[in-house]
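Here the structure comes first, spelled out in structure tokens, and everything after it is commentary.
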């Protein structure tokens, strides 16, 4: 078993941290070196991330490349890493954004450069860690820890009102996640007798599974059938909804769902280009990922009960977010609200609990990372030149910046989900999943309204910014994108096309996780086909006796042979 | 003789050999678009012209090959391909197809890159690439003074590629790619001169309006998907047998082609009618799933109405036609290609493609016919008073599209398709003629400021005249026959329990014919005849270069010769003769006819129009033209200087302002949405949620902190006192515990 | 009347205290021979060495079996040894941070460190005492030393004022404690905890009032020392007025020792009474303390005072752990603040020792974070501003990240740890306490705790905001560095982060420390 | 023979007086004396109980308390002097620079 069989994920996660250490040693005045080292680190991380992505066997075990060692075991924790299809895809997205973020900031960030790149690297580590954590508390630790660097990114390198935005962002998310912490601990204690229980995702889920099934049986049965429940099932019947509420709140704030979204516009508007890109690209996905991985599978029955409510919120988010965009004058705010709308699609897809919906939702997570990330990137370029976010300060700049305009328009089309771009696949699948689901037709219909509004506001913005005559003399001599900026943008555009025309390779890796998610989520659904336990149960490696610390993700065949 | 026939019946490239390269037809323009768009600036004008035109020319040649292949009947063996959804014996004849594998799949849903060319899409291929090529050629001269030429040709190629995808797609989702693709391209082309923000806004208006249609289109698609799964769940052997399929076979087809393939939908349509028996028919309620409770027929009607809305968006019908006139902001070749010949006919094509489903729902058909008729009439009326030559043509396009919709609605698909083809020719010719006129007169578009051009611009004049006659419906030009074929069908077909529709629509049709004749003659007369208007921009117009006139001539020629299609030359199976085009399309439309026959939803009549019908139509057209001639050659010149009666002015103003439809929409739709958005943002988002709830919480917390802080008076004795009180309280509580 | 024969085994447990006392005496004596101007760098070093030694001994003793010493006047158990460790850590760090502080004020003298050492000795002994008079005496030992330390600086009005308040209220509270002791003695006829259990139960039958009032009074006495609301009011003033290193020692050591003794006393006394009473008592105290402490800290611009309030809040979290000790049966825990029967069947003794671990871990974490933070405060404060009271204003932190990135990072780490945000020890320790509380069913109380800690995050973050996001104020004097402070900062920072992610041996010690003699 | 209760009540009364004094008197020295009064009340209690139980613990305790009280007195007076030095008054109401 080679080193990478066991440690690949560790490498991917901690490589940025190692490079952070390198950067730390550099003198703060060596801007060029700091940037280069960071960039190289991110690039290397991208290489390993891609490798991990290809190592992942769609046909293999659910969680792969696992790594588990004792860690705070007396508190029921262990250091356990592993990725499933969705996690590995988001992981890919994260490492993909890494280098581009660095490139994007090379001229944007002009002061305290060393600290900035340190923050970036640390942030990268925390996000990757959260995605790969198989221990709920470990996840929570990364989940919280990633607030700190992002908080600094917004608060130190942000725009004029950055402090307020940073603190708002931090506290808003903290409140939610702290309640979740209580729920996690409570869940840990109810999940089993001392010795049998653990914060490990697999153990936790499997301990709850039987009780959840009983609960589902009685919840979908006649009135008051649940009164006769005993033990764990009874506890879940009484407290499950509350715990689910705590989980849901924490993740809903992160997503963000209406009405707990108000931190997002401020954070996005104030954040520097790198901050916005990462925030939109990866961090928001932590919310949807949390729903997918923890909130819904752990409490299927409660989730089932809350489903209509959450779905309504999601639909409101879609339409409301779009309407908000129509009322904005600030471009970044507009993009931020469009995120609310797009993430609404993700949530709706999750709550549809159909294979199509879940797949679409997962794909939409990636899309949103690409397209909205790119939008923020491009606007960042513009902001560097003009230092204003108001649409009214632009106008007609297509004349002076044709290439930039072309790029922006392409990304816009991806963002409004024109077929052939990545956006379409996700949105189409989500909507179809919603129509196929047991949710009433109205949900799908209203969600589809977003298709119209999306085009309306995005093109409106493009119109105001790029078309028409040049209205401001400052804009007359804006220079078009330079090579670096083009290089930074190109990957996004390529990805937009590739993910739009050849989505299948991506979907293949997501598919197994999707099926499992649907099976687990529909444990609580009335009349849902009862999936077999072996599909429901989470199979993970047990805590090893230090002899072997990892389960090889794949049969011992050379990579080439498996591709 | 037989030799020649045999030559035409054997495709130069055998179908099975050619099929895999169908994709090239799309790829060539796409490649052209890429090259022009990315490298155009460096390539220089001539090279860009070369690349763009040759890409389309290549596509044209390939389309020709494809078309030829579809009609291949070498040695009496007709070209045919297996139907993935049908039994082995029932094959699709006169069609070639190729499946490039999965596009995306999730759960039991999948979409393939499947291309299909049969006679319907074949003829459209020819129109698109053919007319497209001519227009490219035209543009090389028309855009010679524009710096953005490379963008222009890139967009144009992109458009052609998208349009080809639209027609060649063998399933709804892929069709939707083309559907939105053409919308995107037209957005780019309408807003081509983006520095003029009005033009850019027109582009956005077009796209958003189309999006409203797409919204319906998507929902319709989803409903179809649900219906298919419901059908597959409930249908029994007899149903499948009726459709010439079997459950296993059908499911296999679903699993490898996906639910929204046209051939699959056709099969379902064949199984649905009441007559054929089986567990599933139009009146069967759907048992499970989201649609449970509704009948298949009901769902089908709803679906078709949704598609109607979608088509209305793309083909500029009520209530979504408003974008088309504004779309004239784009360069004239664009108007000719996109907003006359090809894109706007997508709706008609869609319904021909799904004819077999459409005929299941007479309600939907009636709606389509009536919408078409009303649109056509309204547009014609508006066209009366327009002075902008392109606007007039735009409204006439809307009107002609309305006629096609009438045909589709009344089940004469072949006629509608035929009118589509002829219209493509003469309307393109008209637009290009208009473009040539503008080109020669310093971009003057107001017909009032033109006039007397027949001397200066001979070629333009001649071709314009021909195509005017064609659209007006004067024997013996193509327009007459196609339009008359439509009206004849409209007159004689009958929708189940909706007989009044055909009468109504036919009557409207005649009115429309008259109007068309009127306003077209008006345009022609004011532009070309009479004396040159004093406020003309240039004293003497100049004839355009051959790049521009040649396409005009060809198109004019085509708009004459396409009449042969309408001539009843082919023997009908039931005896008698049937028009060439009907026969030509019969392989495509046969399922629809079968369904109609079985379901008895629409009584298709296949009598050929007799002399009387011709005469009536002709008289109507002539009367319209004559009125125009009288008014504009005699009456108005005489009236000059006399005060115009008030009512006339009022009518004229209303018509000129397009009956204030745009203003209406602005008032009842756009304003409210914007207002609601604004209110939500200011009140709900900023005030209620953010200020009151979020910041409010923080504020209250802080204030409480300030309050508590006041207790810290700094006085040690106060502290001690509080401690003492606390102890007292504790002691009391303890004692209470004791006593209780 | 036969004299007890004490063996060496009886003195071994006292070794840490003895080391401290000896070092203190050495310091005091050495002062005699020094001229006023002689350099006194060695004194801090000696103190630190003493702290290290006692800490090491404590770790060694941690693995001894629990046993009575001195005829049951004291016990040696891992719990007390771990606490001695905590105290030594606090002492060492405080001494390090004192070096620069005193030098700046020219107030370097042996008494200072000696008093610190005496106080610490008192603390470690208090943690071991199991007899009321001994407890009282040890409390007085550490109190009197800290009274003196508080008023140590004779310049300015604040130190003397702080000293006065602390002294008056301290004496007041110890009188109350003593009265309670007397009552319990009256009820039971003994002052040794371990002999008290049986008599208490009888006394409960005969005259419960005596027991209950006595218990309440004793609780009040301890509540004062741990600064629990409403017995907290002295804390902000005293913490502000006292020399910063002393504040550090108070916030870490005094609190720790007081908590240890509190737990010990009430685990014994509690057996003699209706279990609802102590639970009610501590739950209420915890609730008030967490909420009020955090809320009152929010408006503070004076960082030192803010830390004082935050130390109150942390006492609240610790009290939550204490309350968890007294849940005798899940169902019984009273309804208002807890969801009953949530526990997954953890045996209560297990849950209890988890709670004990949690308390100790939290104390350790808090010692590192708080002493580090105070060290930073002392490094930044300027004597000139003390009278104006602006010496500790947030402005002093503005732009620190540009001036001294290292310091800013350290302070940020302390703040995050105090705020309980991963990956710091503050988070892990809070987690353990919450685990214990939730395990026994105090869910409602825990929810209050997390919400109040969210409120707490606000004012901790504000310091970070000032350090990282505010510009350097113009005319800011250069920050002189000092080896003592730097050392304190480095040690605490490393500890704060490492203990949060790679605790190493500390977890083993913790696993040991859950055991309390006689439990 | 005086019953034990009387002693206890007397002690309690003394304790309360002392406590009350601490709360109300303004002169720092007097306040301090009140604290001493409380301690002595405690002593009385101890002795009374010692008498009741008839053992020595109470007496011993009392002695310890007296000793500690002496130590407290030492440090306390020193502090009061320091206060007087710094602000020329020992009025408790003046000693409130630090507040809120």
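We just call them A, B, C and D in the order they show up, numbering each chain from 1.
Keep in mind that, in the parts below, a residue touches a chain if its C-beta (ideal position, glycine included) is under 8 Å from a C-beta of that chain, and two chains touch if they have at least 3 such contacts.
Worth saying up front: this structure is predicted, and the values here are computed from it rather than measured.
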Partner chains that chain A and chain B have in common: C
Comparison of A-C and B-C by number of C-beta pairs in contact, larger one: A-C
Computed distance of Cα centres, chain C from chain A, in Å: 42
For chain B paired with chain C, centre-to-centre distance based on mean C-alpha positions, whole Å: 78
Chain centre separation in whole Å, for chain D relative to chain A (CA means): 65
CA centroid of chain C to CA centroid of chain D, Å: 26
Chain A residues counted as touching two or more neighbouring chains: 171
Two or more partner chains touched - positions in chain B: 698, 709, 712, 714, 716, 720
Residues of chain C engaged with two or more neighbouring chains: 164-165, 168, 172, 176, 236-237, 458
Chain pairs in mutual contact under the definition given at the outset: A-B, A-C, B-C, B-D, C-D
Residue numbers on chain C that touch chain D, as the complex places them: 132-133, 136-137, 140, 144, 147-148, 151, 154, 156-165, 167-168, 171-172, 175-176, 178-179, 181-183, 185-186, 189-191, 236-237, 240-241, 389
Of chain A, residues touching chain C in the complex: 28, 72, 74-75, 112, 115, 137, 140-142, 144-145, 147-148, 151-152, 155-156, 162-163, 166-167, 170-171, 174-175, 178-179, 181-182, 185-186, 188-194, 197, 235, 239
Contact set on chain B toward chain D in their complex: 709-710, 712-717, 720-721, 724
Touch list for chain B against partner chain C, complex: 698, 701-702, 704-706, 708-709, 711-712, 714, 716, 718-720, 722-723, 725-727, 730-731, 733-735, 737-738
Touching residues on chain B, where the partner in the complex is chain A: 37, 102-109, 173, 176-177, 179-181, 184, 187, 191, 194-197, 200-201, 204, 207-208, 211-212, 214-215, 218-219, 222-223, 225-226, 229, 289-290, 673-674, 676-678, 680-682, 685, 689-690, 693-694, 698
